[in-house]
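Working notes, beginning with the structure itself.
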Amino acid sequence: MTLTVLLLLAVPLLFGALCLVLPTSGLRLSALVAGSMTHLAVVIRSWTSVERVAADDLLGTDPLGHLMLTLISVLFAVTSVYFVGYHRKRLISQRVFLACMLGLLAALSMVCLSQHFGLLWVALEAASLAATPLIYFRLGARALEATWKFLLMNSVGVALALLGIFCVALSTTGVGEPVSLTVLELVRGAESLDPVWLRSGFLLALVGFGTKMGLAPLHSWKPDAYGEAPPPVAALLAGGMTLGAFVCILRVVQVCSAAGLAEFASFWLIAFGLFSIATAAVFVVGNNDYRRLAAYTSVEHMGVLVVGIGLGVAGSYASMLHAMHNMLNKGALFFLAGFLWRLHGTNRISLVRGTISRSPVAGVLLLGTLCATCGLPPFGMFFSELGIILAAASQGQWWVLALFVTTLAVVFVGVMTAMLPVVFGDPPQAESMIATTGTEPRWRRGVMLSAAAVLLGLGFGLGVYQPDSVRRALDEAAQSIARPQAQAIAALEQPEVHP
Amino acid sequence: MTVLRAIGAVPEAVAVLALPPMLLSIIAKTKAWFGGRDGPPWLQPYYDLMKLLRKGVVYSRTTTWVFRAGPIVNLAALLCAATLIPVFSDDTLLGFGGDVILIAYLLALGRMLTVLAAMDTGSSFEGMGASREVTFGTMSEPALFLSFVVLALATKSLSLAEMLGAPLQAAWGDVAPAMLLVVAALLIVLLTETCRVPVDDPATHLELTMIHEVMVLDHSGPDFAYITYAAALKFLLLGSILVHAALPHASWALWIDAPLRVVELAVLAMLVGVIESSLARLRLQRVSLLLAGAFVLSGLAAVLTFYRTHA
Amino acid sequence: MSVETATDLVLVMVILLDLGMLTVSRLATTVRFFALQSLLLAFLPLAAATFEGQAPGMHALVIAGGTITLKVVLIPTILLRIIRTGEIHREIEPFIGFTASVLLGAALVVVSFAITARLPVPREPVSNLIVPASLSTVLIGLLTLVSRLKAITQVVGFLILENGIFIFGLLLIEQTPLLVEMGILLDLFVGVFIMAIVVYHIRREFDHMDTHLLDELREA
Amino acid sequence: MIKTGIYGLLRVLSWLPPLPRTCALVMVAFGVVSGVLGVLYALAQHDLKRLLAYHSVENIGIIGMGIGMGMLGGALGKPALVALGYGGALLHVLNHALFKGLLFLSAGAVIQATGTGEIDRLGGLARKTPVNAAFFLLAAISICGLPPLNGFVGEWIVYGALFEGTRSVPRLSAGVSALGVVSLALMGGLALACFVKVFGVVFLGKERTGTRVARATPGAMRAGMGVLAVLCVAIGVLPGLIVPLTGAGVQVIADLGPMEFERALPSVLAPAGRLSLLAMVFFGLIATLAVVRRGLIQKNAVALPSPVATWGCGYAAATPRMQYTASSFAWSLLSSFRALLCPERRLHAPAAVFSEAAHLESHTVDMAEQDLFAPLFRAASRVSRMIQTLSWTGEPAMERRSARASERLRPFVAVVVGATAAVRRGSIHVYVAFIAFTLLVVFAIEVWVAPGAEGHSAPISVMQGAPQ
């Protein structure tokens, strides 16, 4: 286990403990920001001297995990800054809250780094447990109900995933000498795995982690949880947690494609993906709560991710690109949702009008984010969805292409018809908003909007032009998903550098 | 297009320009023979033209330059079309691949200008004529084009000269019924375009019933001469297309072909005369039915040729 | 009485406890049933080790000890304390009546046996009952989750589901390193602990524990 | 602006591998429908600008047909068809931009001069704004695709593509191309009718009431229009300049070699040079005939009485209101296409012998907009509403209906109603039930699709049918 891996886990935990201990809230908040910033620094440094995972390492930075770790770390850094602007006195107990936030960061880092399936599950379970108190932030019946649903659904889902992992493990028993459950070992010995157990394991893992990720029809907890959780937490969940679950699914997909079940896996991935986008399309139309609307767009983006993976290497590359932009976009969307809540005091779309006239910057940012969510050209989502369309076309799957495009179109219509009046409508004259708006100190609004602007800017920048380092990282990750054998063999040729 | 060929074509061109009024007189003569009358003298149309060319011009207050340009552009369009349509010999003066479309659209250009000239006068009679002319013109286009499709399919080429030339003879061999239908459709289109009886009565005096005549009501002097000559020329051109389609044969020497074609055109004129004397005018709604019939005929011909060529 | 018959006996007892739990309406009894089931399951790793001939290694002992301390002692005490503080003791009128749920449970057991018959047999396990027992426990756990109203029963349902998966894990004792095994147990414990806190809050907030009344969040 | 749609379509086509034949035929069908319906609606319009807008629909139809033919060529592997199809479409895009621009500019001049775009209240503008009238006429001639001007060049190549399409082997595509030819001819005729109506009613005839005294179009506008007009005539007379230009475009779309394009085009249509030759002949003839006419008129100039009113067959008191208006002009055509357009006519016939006001009002509703898209959007939101609330009526009133269920079925209905109510209320049990249900379904499909445990089973991927 290399130094960087240790650091990646230790830093958040250390700063989490600090948050518990520090007396004043100012100190605690600075600890939060410091923690996430150092974590980001360590991740960026790890990119400079990339050493791939050795043979039987429990924890290591393989291309896929490394990419996802970077995304999560970037999101955390920006969210912590946003949280400083967003946070106000009313809080269950700030110590526990901040500690859990950093705990979530540690758990998600472990998910990305762990090569062993069992460890993967433990990390993901820890992440969902760390996230539960975060949702129960605002005390009250609705928050409580959201927490209960989140907790129960995720625990059941992840339990089933554990069963799936055990089935995958069971498929190796037929081989004779037991193979340790690391991704590399499984990929290398993939041909000899027993297909029936592997297939049932994949399906169980897909349903289990799918619940965690929010694929339809297992998505029903998502609108409730994201609707009630405070916006920074919702951003973390939508951007970070889903990526964690996505990594777990991709690990199992790696094993399946190595064992020659790629076609089987892609069939189910595409089926779930399209169903998710369709469900999101149906529930987006006529929705009257912009946070639930954002949650359904998250369900849709999960669908797009999974469909991408099901479409071979080109699709996987587009899917990786989509994962990056999903993180950026979801973050910005929920930050702005939080700002809207502060501005208008309600999350019912019918009551919220004329954001652009009340605060032009927020209005413009909101418009940009909405365009990004629906995948309009200047933003990155467009290029990733286009990549998926081209991948589907080159594989001649016209039905998939047709369904994919129509459902995305319906989502576009649903989102835009709902949200454009929010941006451009004329603000209600009667001061129906709660008095809390407008009295926001200027620096808080500045911090919140700048965090959203950073994410939106990244979304725009990385969409139009991907620097080749980013492109190489995405490509390596895509290769490792679609053609794991090449990756595994390459890793093994590496000389045994460290224990 | 060598200069020699141009010089060689001059006598043929002169003949083509001189013939049309004669066809009108043949029609008049056959109608008169049917009516037991002597009918106007053979050269009556020429006398009319001469008379008109010598007469003065009267323009109404409301007309603008469009009224004056109408007849000129109409006649020019038709003369252009004449250079593309084989009348006596089988090759045309300026024919090229795809000139079929050009011919149809030149006719349409002529029709457009005449109709605009009619509307320029601002009288409701001319407006009525214009509206009817446009309606029936629109309805005859599909039938005309479908017949061209059939001819193009049968002879594998897009230039009218080849379509109506030797390859058509072979086409008559294997898709004879289709060719017959095409000829019938072209006959109906001819009758519509040149305002003969079943569609429009050239000899009537009641404006409400006219189509073509009422449009040109207000023209006088040389303008009216241009228009009458253009109508006659149009009859000749469409007639020769019909004749070439009906009786295609490899082009022998010019001195055999020319008289043969003239006789065939004369027979066609007589046929039109017979139709005019035996049939009464159709009610306006029935005319669109007739044109739809023409379209169906050429449609059937198309289906037959498709069936045969794409067996 | 050889090791195989002992394990078979234990597994059969586990399945019976599952079905028994479906019939019980008192919350406290369901928790006690769960504790008993966990106790029985704690012996299985020992039996699996002795089946391979060598004495039960440190690995199996640690797992057995962990299971007992967590699942037999700690979790039931927490749940029972919550039941005692809240006045609610019975599961009245759940979605699916008790008799119906038992019949359904039995059907699920039959289904799990049928499924195992189709699945290829892994390398010579301790007893061929392991897979059907785990499947039926998992399915009955899901059934409890879906059909019972009270939050506590739902937590117990989740724990039964977890037990089912634990049985399944027995087949792979050698492959999963100790760290992972303990991680799973620890996660389970923390999970249930947090659930207990949330249930406590629900009871305090709504002064009832019927989760089906938690329905404020829905499509407007 | 509409061209961006076309650009997007072509750009995507250049990426995708050659699509199967059915896509091409669907494209041609779209072209036909939008063309014919577009021009029919244009014919039925009363407002100048709406009329021009609907006409764009027709031109896009023609461009669509061209693209369809190009795609068909791609599918059948006939470079000639590809070159003609895409070439025609691109050329028509260019030409359409020119003459439609000119039309809108001169329509703007009309509205600026008279203050209204309502055709039936305009009239006799050719005398007041002759230059504007000339530009409008020129643009009208080219939009109907009549020979000397640029509209014809685009349509001529699209016609070439369609004729070439009729010769393609598979019978269905040949049939569709023939349908294309016929519909293009019909569109040409209808376009002619439509623009004759507009030009005649707006610019010619006597001035109808209700418009300001028209001022001459200012110089600047005339200059702008002049540029476009010159371009239209230039392309019309010298198509040779433009055709190779579109050749480059085609090569990008269908990645056809430059050689193939050069060879493909002349195989079907003569080089564009012949068109310019004929244009020269045409203008020459006009010039000679005009000179002859002027000469004759001078020669036999007769003492002209002061210009008299138009001969109304003896009816002296003809008022401007008696002229043919737009709707009356188009009515004979519209009535024959009644089936397609279903125009509405409200007639207040004169009641008594000396009735006071009789009123006839007819207008054509855009069928696509009113009968196709509006209900489609309403239905889509209703369906999603139904799915969201899981009730037929869209609002959760299911509970009341269960009371009416028959006695015997009541328990069963109660369960169903309870279940849907539970789902709608979003209770946790239902969410967990969803997980169990998905598992059940997934494994059932898996077992049904790949029975038997042995061997590497290739699942019948229902989703992956590739109709190549």
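Every chain is named by a letter (A, B, C and D) in the order it is written, and numbering of its residues begins at 1.
Here is the rule we use: a residue touches a chain if its C-beta (ideal position, glycine included) is under 8 Å from a C-beta of that chain, and two chains touch if they have at least 3 such contacts.
For clarity, every value in this text was computed on a predicted model and none was experimentally measured.
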item: Connectivity without subunit A (remaining chains kept where they are); value: one piece
item: Per Cα centroids, the chain farthest from subunit C; value: B
item: By mean Cα position, the chain sitting nearest the middle; value: D
item: Rounded Å distance, subunit C centre to subunit D centre (Cα mean); value: 67
item: Separation of subunit B from subunit C, taking each centre as the mean of its C-alpha atoms, in whole Å; value: 95
item: Chain centre separation (subunit A, subunit C; CA means) in Å; value: 31
item: Shared interface positions of subunit A, touching two or more other chains; value: 148-149, 152, 156, 160, 196, 200, 224, 283
item: Contacts with 2+ other chains: residues of subunit B; value: none
item: Two or more partner chains touched - positions in subunit C; value: 119-120, 142, 145, 154, 211, 214-215, 217, 219
item: Chains grouped in pairs wherever the two touch, ordered by label; value: A-C, A-D, B-D, C-D
item: Touching residues on subunit A, where the partner in the complex is subunit C; value: 58, 116, 118-119, 121-122, 125-126, 129, 132-133, 136, 140-142, 144-149, 151-152, 155-156, 159-160, 162-163, 166, 169-170, 172-174, 176, 178-181, 194, 196-197, 200, 223-224, 227-228, 283, 287-289, 292, 348
item: Complex contacts: residues of subunit D adjacent to subunit C; value: 388-389, 422, 424-429, 432-433, 435-436, 447, 453-454
item: Subunit A residues within the subunit D interface of the complex; value: 148-149, 152-153, 156-157, 160, 195-196, 199-200, 203-204, 206-207, 210-211, 217-218, 220-221, 224, 260-261, 263-264, 267-268, 270-271, 274, 281-283, 285-286, 390, 393-400, 410, 414
item: Complex contact set, residues of subunit D against subunit B; value: 123-124, 126-127, 130, 133, 137, 141, 144-148, 152, 155-156, 159-160, 163, 166-167, 169-171, 174-175, 178, 181-186, 188-190, 192-193, 196-197, 199-201, 203-206, 266, 268-270, 274-275, 277-278, 281-282, 285-286, 289-290, 292-293, 296-297, 300-302, 304-305, 307-313, 318, 320, 322-324, 328-333, 336
item: Partner subunit D, residues of subunit C touching it in the complex; value: 95, 118-120, 142, 145-147, 149, 154, 211-212, 214-215, 217-219
